[in-house]
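Remarks on the structure that follows.
As written, the chain order gives the labels A, B, C, D, E and F, with residue 1 at the start of each chain.
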Amino acid sequence: MMHLTALPVLLPLIGGFLLLFTGRNIQLQRQLHLALMLGLLIVSGLALQTALTGQYSLYQLGNWQPPFGIVLVLDRLSAMLVLLTTLLALGALVYAIATDTDHQGPHFHVLFQLQLFGLNGAFLTGDLFNLFVFFEVLLLASYGLLLHGGGRLRTRAGLHYVVINLIGSTLFLFAVGTLYGMLGTLNIADMAQRMAQLPAEDQGVVAAAGLLLLVVFGIKAAMFPLYLWLPAAYAQAPAAVAALFAIMTKVGLYAIIRVHGTVFGEQAGALAYIHSQWLLLLGMVTLALAALGVMASRGLREQVAYLVLASVATLLIAIGLNTAEALAASLYYLVHSTLIAGAMFLLADIISRSRAAMQDQFIPGPVLPNIILIGSVFMLIAIAMTGMPPLSGFFGKVMILHAALAHDWYAAIVAVILVSGLLMIISMARTGSLLFYKAHESHGEAGPASKPLAVAAVLALLTAAPLLVVFAQPFTAFTETTTAQLLNTQAYIEAVLSTAGDLP
Amino acid sequence: MSFLSVNLPLVALLPFFGAPLAAFAARYHRLASAWTAGLVTILSLLFLLPSARFPFNGDTLIQSWDWIPAAGLEFAFRLDGLALLFALLILVIGLLIVIYARYYLSDRDSMGRFFAYLLMFMGSMLGIVLSENLIQLLVFWELTSLTSFLLISYWQHRQDARQGARMALAITGAGGLALLAGILLIGHVVGSFNLTDVLAAGDEIRAHSLYLPILLLILLGVFTKSAQFPFHFWLPHAMAAPTPVSAYLHSATMVKAGIFLLARLFPALSGTTEWMWLVGGAGLLTLILGAYTALVKHDLKGLLAYSTLSHLGLITLLFGFSTPMATVAAIFHIINHATFKASLFMVAGIIDHETGTRDMRRLNGLLKYMPHTAVLAMIAAAAMAGVPLLNGFLSKEMFFEQAVLASDTSMITWAIPVLVTLAAAFSVAYSIRFIHDVFFNGEAKDLPKTPHEPPRFMKIPVDLLVVLCLVVGIAPMLVAGPILAVAVSGSLQTATPDFSIALWHGFNLPLLMSVIAMAAGVWLYWQRQIIYRLHEQLNERFDGKAVFDRLLSQINGFAAMITRRFDKGSLQHAALWIIGTAVLAGVIGFANQSAPLFGERALLPIDAISLMLVTGLIIASVLTAVLHRQRLVALITIGVVGLIVALGFVKFSAPDLALTQLSIEIVTIVLLLLALFFLPQLAPAESDKTRLWRDGGIALLAGGAVSVLAMAVLSRDFMPISGFFIENSVPGGGGTNVVNVILVDFRGFDTLGEIVVLALAGLGIFAMMRGLKLPAPKLDFSGRDWSNDPHPPIMQTLTRLLFPLMLMVAVFIFLRGHNLPGGGFIAGLIASVALIAQYLANGIDWTSDRLRFDMHKVIGFGLLIAVMTGVVAMMLGYPFLTSAFTYLYWPVVGKFEVASAIAFDIGVFLVVVGATVMILVQLGKLTHEANHRQQQEQK
Amino acid sequence: MEWLIALAIGVMTACGVFLTLRPHTFSVVLGLTLLAYAVNVFLFAMGRLTIGQPVVIDATATGYADPLPQALVLTAIVIAFGMTAFLIVLALKARSELGNDHVDGLHISNKKNGARR
Amino acid sequence: MLEWLLAALIVIGAFFTLVGSIGLYKLPDFYMRLHGPTKASTLGVGAVLVASAVYFTFKTGDVSLHEILVTLFLFITAPVSAHLMAKAALHIQVKQLERTRQTHKGQD
Amino acid sequence: MIHTAIMIAYVMVGLAFVLSLARLVKGPELPDRILALDTLYINTIALLILLGIHLGSAMYFEAALLIAVMGFMGTLALSKYLLRGDIME
Amino acid sequence: MMRRLLPHPVLSVFLWLIWLLLNNTMAAGHVVLGAVLAVFIPWLSSAFWPEQVCIKKPLVLLRYILVVLWSIIVANINVARLILGRSDKLQPGFISLELRLQSPVGISMLSNTISLTPGTVSCDLSDDRRYLLIHALHIDDVEAIISDIQNRFEQPLLEIFES
């Protein structure tokens, strides 16, 4: 099916304005939205199935051949991320419906769908400026979602988030502009091709643009020292939105893998992989700071935000290692951390609601309804998140560590990853102990029990952790072939530019 | 696939499957979970036993499956002698513990939870000892940390239980991570994580430059788990656990996991000086320290805990000797210690259970209340003290012998036998204390309960273990010889050295040492009050827990300090970092390449107009920055910047841009004015002058960097793809305005995204506005009343007059867009401005009454139309957004073009109008409501 | 001429950065607006400067300006407008909920710190 | 001849534009300065526009009259601007030159 | 001839531009600055038409037209702001 | 029917002319399109034109426009002299003028004309719409200015809109 590549982008767009026409009928919106998500799930699955053949599926928008027109490129990586986004979004949406979050302000469903439009667009586009546009789409949607429902702290976090991202967008344009000014093109594959012929005297400027672009993606990916937007934004967002945001940092990482990995790939000569060592270095700093942040958090949601930061930092390190093994490991860890982080944000909200007045603050609270169930789920998620065995976080980390041994800085990398892991374990043990063991009737009234559907959403996302362990073999086989495809820049260039020259 | 090729994983995993069953069973009956746990343990044992013949035949059974080849991880199990011994210990003692615990737990304790945890722990331990793959071993290793956390904190309402559990988790967790690092390095060196390969590569590992790091990391794991000095302090605090847990974890299993690993990796790591010093040193220190502390503890379980430490030190020291015979002694003592210490813990549990206290200063003369228990305790304690006829004596003798042997090898090792004897003396002393202070020594002092014998079945496990102590002590080779032999061979991975364990070895140095230790032990116990006093004085200084707590709180403080210092919650701080990093990134990127900054492209000459425009631009920009505190002024000056930018676009051949910029400029001013109404008119002066200078500095730096960057590009030639657009604009896109054709056709997808952004802004603002309340300022910034003429009539009349004219212009700009500067965007903005002018001049009510469009719908339809043009193409079998155009001829009208891109542009137009008007009018309504509220209040 | 434009971009950037780093929302909005101008001009200039060369196909034209950056800037302008609008309304919301127009909502942080110590 | 006419129109237009700005710059109070731009927007821009119309008419051979529209729109909008600015200035009591005369006609 | 006239006109309009800017800088009061902005719009129209004649391109006309139609909106809004604070009520 | 289709015929003619001017053409296509728009746009915006504007004497209007244009040229020259001369010689002043005009359009036209002719700016309209406040750059003779406005501008406007 020729349009399959475009459907993951078009479906949420059409869904978005269909939802706009439903007015204020919340039930209709929910049903329509769930139907749309189901459709998207099918489309994403089919897209992944197509990608599994190992071919690149191109979609020439407007029937203009690349590099002139905008092209969507579906390969294993983009297909995987689209499906991942859909799964995460489904969990977040169900939770939002279960907790009536969608009812707390206008346009939740529209913004949600358009957020997916932006995300899937960013994952599929093969054009750097179009990537900018999709970044803006997903950002503006995320602004709306983040502020959904209102509240003082949320507003403040939103303000910071918006301003920082506006600075980021400005930097993005500077970088894209420079790259266009030097390379004369916007198509990523074409840029990569032109990098091969870049005269030596032009390398300095292109390198500057490349690192500037790294800063831009670094903001999204929450790389030190650019992550300051993250803790408050994630901690203050409505839970369902925070869960969906688990994919937001991954967009930054994806962009680095896609854009830098291609443009500054092997063919770039002296500029090949100029970004890698910075990713590695800054990833390590980020991880250390994130672990300290987990430790220093004053509330559960803040802590989860820092845990997300830590997982992103781990990914930065893995990507910075820049070997096939490390990249494959990073993809495994990416899927794991996205779904688990989503689950954890939802769970934090469940806990926070149940603790009533205490919310998610680290002070002893009342005995929660269903304390055994919630406590067990918390423990499992904490284990997965901090990278303890036997859940997926551990195996992802081990693969990354294994890959790190080939690097010159292996001692530092291993030390940072393990020590920060320890700090997080200690912190999470303290948190669990406080929330569940210290809970007592004397600490006030508990809130109402959470709806089964809400808990089900958490559990559904959480199943990723054991599944990724049990099916580690086929899944790592997939990440390996994905990485192989990813590292074959030449094939990507040839595939994207294969039609260049024929007029439509 | 036969049973014997899959049973090992089942042995380890069965308890995990059993755990939820046990928890679930408790729902039906309290005891059902105990039965489940017992049956699962027996089942596991039954699964294991058929394979026991392999080790006894000298074979190693390996069962493995691929898992994550990338990380060298296989799902692989191994059964050799060592594994068998430990698996048996875990299962057999585990079974006894299950029986014991069923009676120990009170009605208030949740049985389901306990047995579920216990089974998970058992599975983890089995996993450790049965693993063939080191990573997998580590998985189970960490699982023991987690499950023991759950077990230790079982009585979660008790603070000491929570803290003890967390400390145990922190220490053993840390060790586990070190172990992971060590294992990874081993894998790096050997090229495999499978024990078969690793154990065969001992020489390779020892010769490798990474040997020392590997050793240190592995030992960190071992020492933390086995509570060796200096990580010993967590163990006593873990005694807050229910006694069955202590009996299981801290005698036979968890603390033995470290010892197991020493035995396991013995062929790979032992034999070097580093090994001897590190392993031996830690063992010796722990041995002495533990023995001493055990004597001075008044808590029954405390005594046992430190005694355990001491015995683990003993075993460690034996491994440190690095000889085959020492290994024999070590493994033998592992068996012995497991039996007598488990029984002693159970006894302690019985006493605690029946009397309500464990304080030996209160417990006295229990003999007459529980004689049976007393006898059991005495035998087990004698074994601990190393009294002949009991198993403890035998392994202690072997240990003395090894200590003596070791002392020959180098200079200061003479100290080893001496210290070892001293430790043994303390061991005798605390063993006596355990018996004398509890069962004799006069009458008990105000016990919470009246003691009596425990239920029969609570004693049966102890009976069995005590019998084992005796049997082994009397006929060691018969009872323990075979399993010891295979275990040693499994550990050494070579043939077992010839050994013979007998009660009587003749008069030799070890026997003399035993005698001295006995005598000295009695004397020490007799003089115990002196030691207690001494200890009291030293107590404060050597508290491992205090050190740990201090360290943890320091780390916490450090974490908080760093986090709050970097994540200040300050936007300025965050922005400064980002901008600084961006500048730095550019500079570094450039500096790392040895390329010239500027190229050699011929530059355009400067003309007067441009010079003037740029001068104006700079003045206005700087003025905005300087006068920003006077907000209205800054708004005016920024308007000038926008105007000049637009002029610049015209000057440099970009009329479309100029038109867009001009329109946006005006809308922006209105927008900012609407908002400014609610903000203070003057920003307060900033008190922090250094910050101003710093920001000024970074601003100049950023500006300079951007200038240089721009110049670096502008001074070079490039080969853009734009020629394609110019060539294909008319034939392919049907329009002569290339910019517009790019927007609606070549890159229509960008434009689609862009109108979505605009729509989102509108919707987002609409959502944000709901419930937003702001007080309207009653007076203007200089304190005057506002004018009372809301809609000056002259403005009203003329603006209304202008409305159709502006719409006409909008249509004009729209229609020509495809061929000449203009298009949907600009037309949309003009139409918006026309509407906004009406709102401005006539007021919201008046205008809204006459404008009956819901802007939501306008946006929706705009998007719909834009998307539909793309979807129609899809239906015709072309990619999304493929355009089509044709020329029609109508009479009178003549030839004209019809293009699908125009439809797309209509969509753009509608979204722009809808979003812009919605945004501004929403804002306007805010003031409207605010004023309205105020008027109501005045009434 | 290129120098002149580069200078103009630099000055706008510098002023924009300075304003973005101010502590009150309105200044930040102004700063980001200036930055948007700067980057738009920058992006536009990346097609190189041309005077008197159209972007409309015309038989008499001797050459054409690079139309692509122009299209990009047009997109960027509109997006920047949407963003600015959103931000300014958010600033109002912050003013309403936090009670002041400081970017960090000063009262909140004061209260919080006070409670914590 | 045409050239001369064009040149004259251009210079006249520019001159009045300049005069407007000189007035804006030099006159002593706001209300007097307000008269400056109205000059520029009428005769200044008007003359230049006529020049443009003439120029393009003769250059392309087709009558170019759309310049009239600019003037038309300016004639509608510029006075509104001036009116509102003056009204605003009066409202916030911008200082007047002391010798400003006040005449009230028709009250009596 | 025309060329010379245009050059002279450039200088004069340029000077006008600069004088308007000077008023913008000097103020002293808000209406003065609004007036300066308004004048700059008018100057810009003149400049655009001049450019059109100079470069023989009709491309500059739309910009001038747009300023003529919409340029007053800024002035209107700013003045209304001074009068009422609330510009859309 | 006709009222609803063509609510403001004058406006429609006016818009049609503007369309042709905008496109700088008399091509048949634009003549038709312009006519369509000239009907459509007033229809679309009719709500914004609450009062019927009727021009009673079109010829007077034409003459009025010429007069205004001529006044503008003359006044421009005068004012240029004033501005370039010494500003301390200038005698500025406010004049409050009682209006005879009553229709809003008429008043607006007058105010516009006053502002367009250099040397005078209409500053304010009293709330009761009876007085127009005018600022004059230089006053030699108040009565001359007033009678000038009344005779040259207000009188024809009265004829056009209110006769």
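The rule is simple: contacts are C-beta pairs under 8 Å (C-beta built on N, C-alpha and C of every residue); 3 or more make two chains touch, one makes a residue touch a chain.
These numbers were taken from a predicted model, which means no experiment stands behind them.
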{"item": "Labels of chains that are neighbours to subunit D and to subunit E", "value": "B"}
{"item": "Chain whose averaged C-alpha position falls nearest the assembly-wide average", "value": "A"}
{"item": "Pair joined by more contacting C-beta pairs (B-C or B-E)", "value": "B-C"}
{"item": "Most widely separated chain from subunit A, with each centre as the mean of CA atoms", "value": "F"}
{"item": "Subunit B and subunit F: spacing of chain centres that average the CA atoms, whole Å", "value": "75"}
{"item": "Whole-Å gap between the CA centroids of subunit A and subunit D", "value": "58"}
{"item": "Centroid spacing, where centroids are CA-atom means, of subunit A and subunit C in whole angstrom", "value": "27"}
{"item": "Where subunit C and subunit F are represented by their mean Cα positions, the distance between them in whole Å", "value": "40"}
{"item": "Residues of subunit D engaged with two or more neighbouring chains", "value": "15, 22, 34, 36, 64, 66, 69, 73, 76-80, 83-84, 87, 89, 91-92"}
{"item": "Set of subunit B residues in contact with two or more other chains", "value": "569, 571, 575, 579, 635, 651, 653, 655, 676, 706, 713-714, 718, 720-722, 725, 747, 750, 754, 757, 760-761, 764, 768, 780, 787, 789, 792, 794-795, 798-799, 801-802, 805, 809, 820-821, 923"}
{"item": "For subunit F, residues contacting two or more additional chains", "value": "18, 22-23, 111-112, 122"}
{"item": "Chains grouped in pairs wherever the two touch, ordered by label", "value": "A-B, A-C, B-C, B-D, B-E, B-F, C-E, D-E, D-F"}
{"item": "Touch list for subunit E against partner subunit B, complex", "value": "10-11, 14, 17-18, 21, 24-25, 27, 30, 33-34, 36-37, 40-41, 44, 47-48, 51, 59-60, 62-63, 65-67, 69-71, 73-74, 76-78, 80-89"}
{"item": "Subunit F contact footprint on subunit B (complex, rising order)", "value": "789, 792-794, 796-798, 800-801, 803-805, 807-809, 811-812, 816, 838, 849-851, 892-894, 896"}
{"item": "Subunit C to subunit B touching residues, read off their complex", "value": "1-30, 33-34, 37-38, 40-42, 44-58, 64-68, 70-75, 77-79, 81-86, 88-93, 95-96, 101, 103-104, 109"}
{"item": "Contacting residues of subunit B [partner subunit A, same complex]", "value": "66-73, 113, 135, 138-140, 142-143, 146, 149, 153, 156-157, 162, 165-166, 169-170, 173-174, 177-178, 180-181, 184-185, 187-188, 213, 552, 555-556, 558-560, 562-564, 566-567, 569, 571, 573-575, 577-579, 581-582, 585-597, 599, 706, 709, 712-714, 716, 718-722, 724-725, 728, 732, 745-750, 752-754, 756-757, 759-761, 763-764, 766-768, 770-771, 856-857, 859-860, 863-864, 867, 870-871, 873-874, 878-883"}
{"item": "Residue numbers on subunit B that touch subunit D, as the complex places them", "value": "780, 782, 784, 787, 789, 792, 794-795, 798-799, 801-802, 805"}
